[in-house]
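You will see chain A twice below: alongside chain B first, and alongside chain C after that.
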Partner chain A sequence: MGLPSATLLAQSVLSGVFIGALYGLLGLGLSLSWGLLRQINLAHFALAFLGAYLCYQLAGAGVDPLLTLLIIVPAFFALGVALQWLFARFDISAFNSLLVTFGLTVIIEAAIQSIWTADFRRLESVYGNAKFKLGVLYIPVPELLTLLLALALSLAIWAALRFTDLGRAMRAAAEDGPIAAAFGVNQPALALLLSGVCAALAGVAGVCIALSYTLAPAQIYAWIGVVFAAVMMGGLGRALGPIVAGIVIGVSEAITMAVTAPSWAPLVSFSLLIVVLLARPGKVQ
Partner chain B sequence: MRVFAAILLAGAALATLPLLGLPLFYESFLYLVFHWIILATSWNILSGYSGYFSFGHGAFFGAGMYTTATLASRFDVPFLWTLPAAALVAMLLGAGLGAVVFRAKQVRGELFALVTLAVTFVVGTIVLNTPIDGGPGVYLSGVPVPKIGPSAASSFYLMGLAAAVATIAIAWAIHRSRLGTGLFAIHDDEDVAEVLGVPTFGCKMAAFAVSCALAGLAGGIHALFVSYVTAGETFSITVPLTVVLMSVLGGTRHWAGPAVGATIITALLYAFTAGNHAVAGKAVFGAVLIAVILFMPGGVLGTLRARRPRKGALRAPSVLPAGGDASNEAEEVAVPSAATKSPAVARTKVILAAAGLSRSFSGVRALDCVDIEVREGEILGLLGPNGSGKSTFINLVSGHYKPDAGALQFEGRDLARLPAHRIARAGVARTYQIPRPFAHLTVLDNVALTAMFGGAALPRKEAVAEARRWLDFTGLADKADALPDDLNLHQRKFLELARALAARPRLLLLDEVLSGLTPGEINGAISLIRRIRDGGATIVFVEHVMRAVMALTDRIVVLDHGVVIAEGDASAVMQQSAVVTAFLGKAHA
Partner chain C sequence: MMNAIRRIATGTLALVGLSLLAAGTSWSAPSGTPIRIGSTLALTGPLASTALVHQIVGQIYVEQVNKKDGLLGRPVEWIVKDDQSKPDLARTLYEQIITVDKVDLLMGPYATGAILSAMGVAQRYNKILIHHTFGIPSLAKYDAQFPTWSLGPDPATTFPNTLFDAVAALPKPPKTIAIVTSKFPSVHFMSLGAREVAKKRGLQEVIFLEWDFGNREFGPIAGRVKDAKPDLVWVGAIGLEGNQLLDAMKKIDYAPPLHFHMYPAPGPMVVAPEAKNALAATIFEEHPPFTNNPGAAEFVKLFNERATKAGLPYTGVETQAAASYSAWQVLDAAVTATKSLDDKVLADWLRKNRVDTIQGKLRFDGPSNYGDDLMRLKQVQNGRWVTVWPKSVAAPGATLMTN
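Up next is the complex of A and B:
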């Protein structure tokens, strides 16, 4: 098996960056809710696909896919707030949150399947196959939009957590809830806000998925493993972690695919994940 | 044993069904029920009992599937002969994974779940890309089904039944064995379990190996049943999640819980699929999972068991062996001794010797080159202000931490090199300053655990009798069947004590057993500790209650900032100016 040409390799690295950005965008909400709320939200993936199908539906009615964000983001924010209200009411442990949100995932999957059937759906829009050439490389527009959105959101949330009082209060509450509460942090309200933000992020990721990928209900599960790998490698509760780790994984996958065969790609991300978990579990938590 | 007979009897009764001419369709449906019973029950042996929720059951199931598929379709090995190989391959995969993962101390809970899930995808990718599968999947349509029953369907039915009965019997046997007790202790508090003598690594490895082997067996049978094996279907997240749901629904702390859950879920899914409502069935599946977690966290069997009134409480005193020599010993011990101190201990041999013992915690030297000797049969008081290193000393001797430097010899054994459970086995027992009972084990089981895994290393039955003796000794007999949460602080402190005593230690480390007790309770405890020493144990006694220190100790060692500042007879040492300064500050000296 010969090595691919430099151009081909560069093009695959670029596509790795693009898909890595989507890993990072999906991982962002997951990482925040795990790190700051102690919830492992499997339903994040189902929400993202729900967002993708909504975007598909609205775009089918003639709305520009990017404008659907104006509906999806607030709607998903409200959904996230409602979910957190439920979680707080039942005082669910981290592990049980994984099981409960899996149950939720299955329900959402069933709902998607009954509304849009199990057939593949593809969003047709002005962005569909738009691409331009930069030097020798082709840049697909939908993927570029995803990358920019992911970078912007990661940076914005990073800055919010670091520089605003609200962000500091959130990190304090995550570190030691009772102590933070004693200093006047309204933890339940912050949790509602954060959960809303995470769900909204799932919605944004969903729109990005709809822009670049073919949709099917079962696809919900296809992303779980690799996105979890990005979340764990990036460090829980860190806003910039998922996108950095996501791009690292995406690029290594792309190179693996270019050098060997596409079906070997999962080996890279999961081996990386195992190594991270075993070698530096302290860093992850 | 009645349970075991019942399991076999139920299996035998079900085995006669095909002879009665059951419709084919029921045999296939029941085969699926057995299939899920094996997977869920085998998963529960490690994950339910010990709390290490594995999401890698698909990998072991898949390893078995592909072993059988490869051997039967490519090498023409008779199908039944491939099944032991399927179990073996899955077991080796699990053992290899366990040997790595169980050594990484922090990989517990969610992290363990993720590692095992990642391993599933790695194994799946390798299978997909190598000649084992190669991409298109493996067909077993040419492999003959062994003629066990009248038809192919009944053969699968009987194979599934036999494997399910064996799996449930194994789960039951482990549940009531020492291994099972060890696993339940790991579930509640792994660090404490190790210090009390449970070989945690070995227990997890054994449970994982059994669990994986059974999953591999189920995979082997299922490979022929579906007769077409693909990597995508096999190494997925659906197998582990379904298994988790079944076990959680039935109850993970009961050996039969997963079987109950598997039967319910399989029947439910089948009902919906048969009625052409597969999608609705999926949604119901999700809703059931949520409802169970929120409203029935113990599962079906756990909830049923909690409703049943506890019966053992009244029975406890009468179970105490009346004539055995074990109980005589307890009664002898119970007579308060006239001699409160033993001046002769100075001549006895050194049982524990620490030399140059040091341990730092992120830069703070908790113990700094400490030399302490403990002589056989004495009560050594370990004193010092808060943060002086007393508890660190106890933690090093019991193996909770390892020293950074220095030697630690117990009866000629180097404790610094032994894993904590071997230290406990060698005859060292301890109490925790803040009681750390196993929350889901009864008071009796908490104590029986150390009798099983500590220095005495009794078989389970005798350990329970031993535990009842020590509950009597500490006045907790009527709480034997309560859970630790039902005890008050005083009782929890005494539970710590009973747990340490049931190990029949040669060296007993008491870490502030008296703090928080009322003066009356302290009096009781003082006479209790005297009786323990008169029973032959050597005691290292960390305490702030000076009245108890003066009344009990033969000798005291005073620590301050990790250094020994005084040593000798209690009343003499407490007069020394360095000691007074350490406790009260400079102005008073």
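Up next is the complex of A and C:
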């Protein structure tokens, strides 16, 4: 087997960065929900695909796919708030949240299948075929948009958690709820807000999925493994962690595919996770 | 007086005639205890998009047969359960269909894994299993299983030869080939077969790559194929994988001169601009001579209507729907010919007889009950699938095109 050309290698790294950004964007809401709300929200993936299908539907009615964010983000924020209200109302524990959100995933999948059928759906938009050339490298616009959105949202949330009173209160409530409450932190209200943000992030990830991928209801489950790996490598509740870990995984997968047998690529994410767990015990949550 | 008698006699005869006609109509409608046919389909899960085609086909057949005489004069009832695309669940459900629902006959589920599961159960209860989408003939060991997807007993050799015969007839035949394939079992063994056949025919393999089913990222694979500069790309893909690879190729401004896809999702591929001139295997397309086969034209019309109503993005009849409808035709033919629901009688009859189906005459007397290889080559041309090889079944005016 000969060595890959420099162009092939560079293009593959770029592909890895793009898909890694999507891993990171999908992982961002999951990480915040797991780290700060103590909820392992499997329904995050189903919400992302619901967002993707809504984008597909609205774009089919003539709305620009990016403008669908103006509808999807607030709608999903409200959905996230409603879900958190129900979780709080029934006092669902972290472990039970895994089961409940799995059930919710199945319900959302069934609803998607009922509305859009199990057949494949592909969003056709002006962005679909848009690309430009930078030197010898091709830059597809939908993937570039995903990268930019993922970076912008990760940085914005990182800054909000680090530099604002609201962010500090969220971190304090996650660290020690009763003490935070004693200092006047309104934990239930913050949980509602955070859940809304996580659901809205799922909606944004959904729009990015719709821009680049063909949709089918069962694909909800295809992303779970690799995104969980990115979330765990990036650290729970950390805003920049998922995108950094996602890009590391994406690039490693792409280089594996460019240099060796592509069928080895799926081993990469979990191998990396194990390496990180061994190299930095206690640092990966 | 004689006139009056004649009028009364004529009137009486007319009344008797009308009564007989009326009675005759009621005799032809199916009556009695329904014949229950049981099966599972992957109504949810990753295979659901294609299983939906089989569900529509089954419904069409049951409606058609019940509008006529039913089977043996009895109405037909189809019991279909959702195996969720899980072969292990299909096994349990077939057990349930036989022992709890106590069906008279079985119909196969969708896809190789589930069919293999159902085959084991059918064998345990000595039931015949007619199935429509089993991809690896060598694994079909049960002597009362009958395939209606006419792959032939050794498709990993016969089909690559069909493809290579077709491209060899081009003014500029390909000299080099890239074989890239999913490791999904029913396409992987075909790709390995294609490697062997290509080698024997003197086609130089410039690259061979495998990916795991469920792969999301095709960019590096597309890049490696582009660098290898093959004349022909064999894509051992199932479902969306072919589209994903072509999409990745488009992003790096590459279009292979000739590209073949094993089992693509027909809808997404036919509408994708980058899939222009994509080749794929088929047993039936919506044009003559296929539509001249018994029942084909009526079935195509009905399927188009139902698929549109069900909201399927691709409403045409191709391999999946044709193999599925053929399975019902084969079951119907065996029951009608033998006037029996006895599994042994039906199996014996099927082994000895050929059955007319919409894909042509099927026989079940070869290895693993497989008959002739009726796999053809189709191509995306002007936004529709048309058969291009062999010439005897090519769509009117259609010839093999290159990019």
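As a working rule, the second predicted complex is superposed on the first by the 278 of 285 C-alpha atoms of A that agree within 3 Å, B and C clash if a C-alpha of one lies under 4 Å from a C-alpha of the other, contacts with A are read in each partner's own complex, and residues count from 1 in each chain.
Throughout what follows, a residue touches a chain if its C-beta (ideal position, glycine included) is under 8 Å from a C-beta of that chain, and two chains touch if they have at least 3 such contacts.
Nothing here was measured: the structure is a model prediction, and the numbers come from that model.
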Query raised in the report: Based on the superposition on chain A, does the combination of chain B and chain C result in a clash or a fit?
Result: clash
Query raised in the report: Which partner does A:L151 reach: the first (chain B), the second (chain C), both, or neither?
Result: neither
Query raised in the report: First (chain B), second (chain C), both or neither: which does A:A75 touch?
Result: neither
Requested in this report: Report for A:L273: first if it touches chain B alone, second if chain C alone, otherwise both or neither.
Outcome: first
Query raised in the report: In the superposed arrangement, does A:Q113 touch chain B (first), chain C (second), both or neither?
Result: both
Query raised in the report: Where does A:V141 make contact in the superposed view: on chain B (first), on chain C (second), on both, or on neither?
Result: neither
Query raised in the report: Touching A:T214, do we find chain B (first), chain C (second), both, or neither?
Result: second
Query raised in the report: So, does A:A160 touch the first partner chain B, the second partner chain C, both, or neither?
Result: neither
Query raised in the report: In the superposed arrangement, which partner chain does A:A254 touch: chain B (first), chain C (second), both, or neither?
Result: second
Requested in this report: Give one of first, second, both or neither to describe whether A:S5 is in contact with chain B, with chain C, with both, or with none.
Outcome: second
Query raised in the report: After superposition on chain A, which segment of chain C among 1-9, 19-27 or 91-99 overlaps with chain B?
Result: 91-99
Query raised in the report: chain A residues touched by both chain B and chain C?
Result: 109-110, 113, 261, 263, 265-266
Report task. Please name which positions on chain A make contact with chain C in the complex. Result -> 4-5, 7-8, 11-12, 14-16, 19, 109-110, 113, 116-122, 129, 131, 138, 140, 213-214, 216-219, 222-223, 250, 253-255, 257-258, 261-263, 265-266
Requested in this report: Write out the stretch or stretches of chain B touching chain A in their complex.
Outcome: 53, 100-101, 104, 106-107, 109-111, 113-115, 117-119, 121-122, 124-126, 128-129, 135, 236-238, 241, 244-245, 248, 279-280, 282-283, 285-290, 293-294, 297
Query raised in the report: For chain A, which residues are in contact with chain B within the complex?
Result: 40, 90, 92, 94-96, 98-100, 102-107, 109-111, 113-114, 221, 224-225, 228-229, 232, 261, 263-267, 270-271, 273-274, 277-278, 281-282, 284-285
**Report entry** chain A-facing residues of chain C, complex
**Finding:** 43-46, 48-49, 51-52, 85, 183, 209-212, 214-217, 219-221, 223-224, 226-227, 240, 243-244, 248, 250-253, 265, 267-268, 271-273, 310-314
